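Residue numbering begins at 1 within each chain, and the chains themselves are lettered A, B and C in the order written.
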Amino acid sequence: MRNLLRLIKFAAILIWSAFVVAPFLWALTTSFKTANGVTSGATYIPFVDYQPSLGAWKGLFGSGGGSIDIMGPFVNSAVVTLSASLISLILGTLAAYGLSRFTYKAGPVGNADLTFFFISQRIMPPVVLAIPFFLMLGLFGLLDTIFGLVIVYIALLMPIAVWVMVDFFNQVPRELDETAMIDGCNPVETFWRVILPNSKPGLVVAGIFCVVFGWNDFFFAFTLTFTKTQLLPVAIVSLNSSVTPWWSLSASALISVAPLILVAFLVERYLDKGNIAGGGK
Amino acid sequence: MYGLTRYKLLFLLPGLLILLGIILFPLGFTIRVSFSGWDAARPGLDWIGGTNYSRLFADGRFWESLSRLGAIAFTSVILEYLLGFALALLVWRQVRFRRLTRVLFLIPMMTTPVVMAVIWRTIFHESLGPANDLLSLLGMGSIPWLTNSFWATVVVILVDVWQWTPFMFLLLLAGLLSLPREPFLAAAIDGAGPIRTFFNVTFPAMAPISVGALIIRLIEASKIMETVYVITSGGPGTSTETSSYYIFIRGLRDFQIGYAAALSVTYLVIMIVLLTIIAKSLSRYLVKNGA
Amino acid sequence: MSKKHYAMRNLNVALGGEIHLQNINIDLPQSGVVTIIGRTLAGKTTLLKVMAGLQGPQSGAFTQGETDLLKIPAWKRKVGMVYQQFVNYPHLDVRQNISFPLKRAKFSEADIARKLTYVTGLLGLEDYLDRRPAELSGGQQQRVALARSLVKETDLLLLDEPLVNLDYKLREQLREEFRRIFSQSADRLVVYATTDPAEAMILHGQVIIMHEGRVVQSGDYRDVYHFPANVIAAEVYNDPPMNLLSGEIEAGQIHLADGLKLEIPAHLKKLEAGTYVFGIRAMDIEVGGKSKATLALAEVNGSSTIYHLNLTGSSLVIEREGVHPLAVGTPVAFSLDTSRLYVFHALSGDALVFPARKSVSGQGDI
């Protein structure tokens, strides 16, 4: 009975794991196919089911015919994501420190309301903002530019940074700030010399969240750019046309999610240190 | 404390002002645009009063998209909750392979939704995809995954479940790992079996984190559109069209900017009201149970 | 008092609807040691934070001579503070921790090195300079915190129950060191908050007794000991707390609980008949005598044994020199030294009559 239960448990974990990895394995095997390997129906094992080719991968890195520019969008995505994340992290961390340590009062608006304002931006459906963003960026000539996207992504990512960092700072003992002030630091010096050097875990989590959400955005990149400033998800989805080169599609999809899989390992390592509390609140 | 005011504002204001600028200004603009007849033919801020709003009330496609969104969001989130809970329970007491399973279960929620949706679309391709191929191996006929309204909805939900069950899993596992040991010892001493222990001890103790996880996921699910765009483009017909996607078509495809703005405002208000009601009633349930 | 003495006037602090300090009026000398004594949540920490500039009062004044201290932000004051939880900078090693305030105050490298050598020698930290706080024991961490607040020349050194989280032996040791360290610089006021009257007595100086956000009594440490202003001062400033028994003066006798009758001692002859609260220190009750009560608890505390006896409606605590363990439930005979009786008002708790001053051994130099 006990063994049977354990077997069922094991089988369930195995089935879910298979479900999780299935699309990755499928993409991996497809990325080595040629047109023949795709159009002859679903095949799985290279050399047995189909003759593998490196054509798709070569195409991505610019050599050979039918090459697809994926590195350009990759760099664009990296630039937009990293700069927006960095700015959001800086502004969000500053605001979060203020909200965690000081009392703000403007009429009926207090700290809780301000914190809620920051975090509640996550509730906003992107489509509601897309239209005014489109018109505004157009007005300032920022459509289809890296700069325009960075501005939009700041609005997307700052709430995440504030959310994580308020939670983090609330767990840092106030006595640390007080001691720094007594030792002659004004609040800015306190933040810079004492609080920030001790905030690495929070900053890492907030940074990871910002990068993942920024990297994964499709909708704003899709509606606010055309051809000049293409981001990675948009480039990949645009391959998803009627005559689909599945092999290139799969290879570029794998390249695009590879950094995220690395990040997943990072996150898991972080969780393993027992720093899970921030995510649970 | 003396001397703080200057510094207080120095910390808060940069972020606050920039966010206010990026969000509130466009939002106000949207509200104004919703009272205009701005479209591709006549771009500009004229004033047509509530015309867009009265048109919207008679727009069956919008209300259908809302109810469809509700059905897809609730089904996905409930499935994700049940599966995530089950997986968390499976891994909870397990020591071996815990890190491996955890990182494995984490990956789908980290990966780009649209990119994975592109892959899923190839998997559910009617003649070339592995989904039907595997079914035929099992001796079953092929299913029109993307060309039948019912199956297309199933695929959209399935992809959402694949992507977001890990989120539930992660939060619920964190909850399980932080549970105190005593109630479980007490239940074991009382001779309660695993099922009774679950319903009497585990589940009530997990109520607060469950409510939190459900609310966060419902908020996110209420925005579903990207995967729909990639997998079905709202089709066949409009059978998988969600509200966000419909607004997107009206606004940035048909360039009926004024009308799309009115749809946006209505959609936002409905979402905020509904999500507030759901959050409030879920929290009330919490208080009643003393959790 | 000197022209530069500290004064608090009508000071009030309320946080989130909770009153932390109520109408505080105190005067503190420019230098020396002042002990604030009170139970947990008596308002000691809040008072120290006001002094440090970390907490602004809702109303009232805090001045040093002509200077309005409330107008000076914490980081511009010359203050040091040590918390009960050992607060150090986790990302800096001991050397960097201690020199942190000196660097902020722009001392030269040579000055910093000199002061560092002096203060680490004073506190026995020479061997740990390259360690991080997390690699030190609790006692060492607290020494680092103390070193950091001593190393800069401050006008005011605030210590908030600095020994409470340390074990007994370390507490004894550091307590003795404090007296030596605090006397090193004459031009500084040390304000030391504690729940332990023994620490106050060892440090000498002025004592301020606090209770529920108010100052109950303030004065020379000996005067407060001999003349507690009311029952709260009598309880808080004695360890074990002074026994307080309500009773009547009737027909030339004192009637206490359980039919305990005492002759009226000379210093109480003038009291009218009526109900009072009688106070007597644990050490002024002898074991042996006519009265008997059962033992509820016996604890050995250093070199003495403390008996808790059951009386109807109250208990009686006796302190006996030496180690004399007894089984719980044993009847213990005792006798009160009636010449040591304090008398308090039955309703207000204010002190009415004190016994004559007497030098006491074992409680420091009283």
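As a working rule, a residue touches a chain if its C-beta (ideal position, glycine included) is under 8 Å from a C-beta of that chain, and two chains touch if they have at least 3 such contacts.
Keep in mind that what you see is a predicted model, and the values were worked out from it rather than measured.
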Chain contact topology (line, ring, star, complete or other): complete
Pair joined by the larger number of C-beta contacts - A-C, A-B: A-B
Chain B-chain C separation of Cα centroids, rounded to whole Å: 58
Centre-of-Cα separation between chain C and chain A, whole angstrom: 55
Inter-centroid spacing, chain B versus chain A (mean Cα positions, whole Å): 16
Residues of chain A whose C-beta touches two or more other chains: 186-187
Per-residue multi-chain contacts in chain C, two or more chains: 53-54, 73-76
Interface hub residues of chain B, defined as touching at least two other chains: 3-4
Complex contacts: residues of chain C adjacent to chain B: 53-56, 70-76
Chain A - residues contacting chain B, complex: 9, 12-13, 16-17, 19-24, 26-27, 30, 38-39, 41-42, 44, 91-92, 94-95, 97-99, 102, 104, 114, 117-118, 121-136, 151-152, 154-155, 158-159, 162, 186-188, 191, 212, 215-216, 218-219, 223, 232-233, 236-237, 239-240, 244, 246, 249-250, 253, 256-257, 260-261, 263-265, 267-268, 271-272, 276-277, 279-281
Chain B - residues contacting chain A, complex: 3-4, 7-8, 10-12, 14-16, 18-19, 22-23, 25-27, 29-30, 33, 83, 86-87, 90-91, 94, 97, 99, 101-108, 110-116, 118-123, 127-130, 132-134, 162, 166, 170-171, 174-175, 177-178, 209, 212, 219, 222-223, 225-226, 230, 244-245, 247-248, 251-252, 257, 260-261, 264-265, 267-268, 271-272, 275
Contacting residues of chain A [partner chain C, same complex]: 173, 175-176, 178-187, 189-190, 194, 197-198
Complex contact set, residues of chain B against chain C: 1-4
